[in-house]
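Okay, structure first, notes after.
Lettered A, B, C and D in written order, each chain numbered from 1.
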Amino acid sequence: MDKSPFQFPIRIYWEDTDAGGIVFYANYLKFFERARTEWLRTLGFGQQVLRDQSGGMFVVSETAVKYHSPARLDDTLMVTAQLQTGGKASLTIAQSAYLLTSGHADRLLAEGTIRLGWVDSQNLKPSRIPAPVLEALT
Amino acid sequence: MDKSPFQFPIRIYWEDTDAGGIVFYANYLKFFERARTEWLRTLGFGQQVLRDQSGGMFVVSETAVKYHSPARLDDTLMVTAQLQTGGKASLTIAQSAYLLTSGHADRLLAEGTIRLGWVDSQNLKPSRIPAPVLEALT
Amino acid sequence: MDKSPFQFPIRIYWEDTDAGGIVFYANYLKFFERARTEWLRTLGFGQQVLRDQSGGMFVVSETAVKYHSPARLDDTLMVTAQLQTGGKASLTIAQSAYLLTSGHADRLLAEGTIRLGWVDSQNLKPSRIPAPVLEALT
Amino acid sequence: MDKSPFQFPIRIYWEDTDAGGIVFYANYLKFFERARTEWLRTLGFGQQVLRDQSGGMFVVSETAVKYHSPARLDDTLMVTAQLQTGGKASLTIAQSAYLLTSGHADRLLAEGTIRLGWVDSQNLKPSRIPAPVLEALT
């Protein structure tokens, strides 16, 4: 758990903003998911492949986000993902979004935790996270 | 075809706007779809029921939209849906969004046409629109 | 605070779902906001009017949501909003989404809290919530 | 106009899909816009900078899209942007989305045209496209 977090850059487009002139807060959940998805992919687990091979998928069971500072059109964010706690049926991922300025991620925009459970793709019932996924993440 | 179009009111929230202070243009496709969905529902065809019973679903094969005037936060739009042309494998629906002011839909904000095909839900292959749906719409 | 919560019905459309066949979890933040917005409107405070008259606006500073059960295409949700705690610079709103079946909101789908701060619309700096708004809500 | 089109890769995440198991059609307008935005950026025109410096911004006045084949979770699309016609007050951009497989963009998923006008950021009235932007694009 002493590894540095996975990092993924995300650009802000018109679609991400609202009439307040800033990024719509709900979109940080999307940004966090993009980063989690790319993190899993680097570990060898594409979402669709996972679903096809294991018959299951991650579902988000809990989200908690604090918003510290707004992002704007054309900004680039650096979004992180790191395992906080992991069990057989659920994982908690710590995630942050920083404003990237001249290559430095120095301003924290938002941070939170995302709790993931694993369910059978067909009946959506809770199930055990496949062992290879759990091993790679923990 | 001389029937007046189906009408459905839609309220504008923060989620619909962008940093230009107006409704993000791509969202009119969502508004048009909400109105089409409610129109089908009044005719007795919920989307999920259609899918469960017929094994098929509508897919959008073509969209064309002209944007005339912007909508803003808190506006209420009146969105219309009306059959333009209908065939055995595809339908074209004419749709418009008006600004609703004091109960009058007097300013045209956007208008367009949406072409729908029918596909098998499993393999996504084109198929014939179920007869009861076609009859109700035409 | 012994008032029953404000309630607002929300229909699920294709736009709200994801490839898991269920409502995409981030969208509950949108549903919660629509209900909050309509609640404020019934109290006499449209978002755009608030912004024009006071020069300020609410911003979301913290969200926490638990997801209990999935919603699907064509479902109708009953979304609630109720003040949990209110201060001069921020409010916490408790919100829930229930599945509406035959007019009864009997299955809890998601619940959470949304913390709102008030900022100046121009410089986005924290400011005091306008007294009439605070009085109406508390 | 004989230049090859600008190309921009876009990954498909859960947020982009719907309960049909495929990318929600309205999202191609977002993908096209991301590609247009990056194209403008490579030419030296960030959207926010444009707005700050010129006091104006592009608005979409017309969109036309044909959907040929669906994209799915984890797919990577190659999205193109190319000037089709350009005038003093409006531009039409031709855009396509291809499925990227083993580095080859061989299957056309969607294609369309986006017509852009230029407006004053404050009053949203039509205006002339700034000369440097027009020169760079045409």
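Just so we're on the same page, a contact is a pair of C-beta atoms (placed from the backbone, for glycine too) under 8 Å apart; a residue touches a chain by one contact, two chains touch by 3 or more.
Since this is a predicted model, take the numbers as computed values, not measurements.
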Let me spell it out: compute each chain's centre from its C-alpha atoms, then which one is farthest from chain D's centre? C
Could you quickly compare C-D and B-D and let me know which has more C-beta contacts? B-D
Could you give the separation in Å between the centres of chain C and chain D, each centre being the mean of its C-alpha atoms? 33
Rounded Å distance between chain A and chain D, as computed from the means of their C-alpha atoms: 26
Intercentroid distance (Cα basis), chain D paired with chain B, Å: 23
Can you list every residue of chain C that touches 2 or more other chains, as numbers and ranges? 14-15, 20, 22, 26, 30, 33, 72-73
Which bits of chain D are touching chain A when the two form their complex? 11, 13-15, 30, 33-34, 37-38, 41, 46-49, 51, 72-74
Complex contacts: residues of chain D adjacent to chain B: 20, 22, 25-27, 29-30, 33, 57, 59-67, 70, 121, 124
Hey, which residues of chain D end up touching chain C in the complex? 14-15, 17-22, 24, 26, 72-73
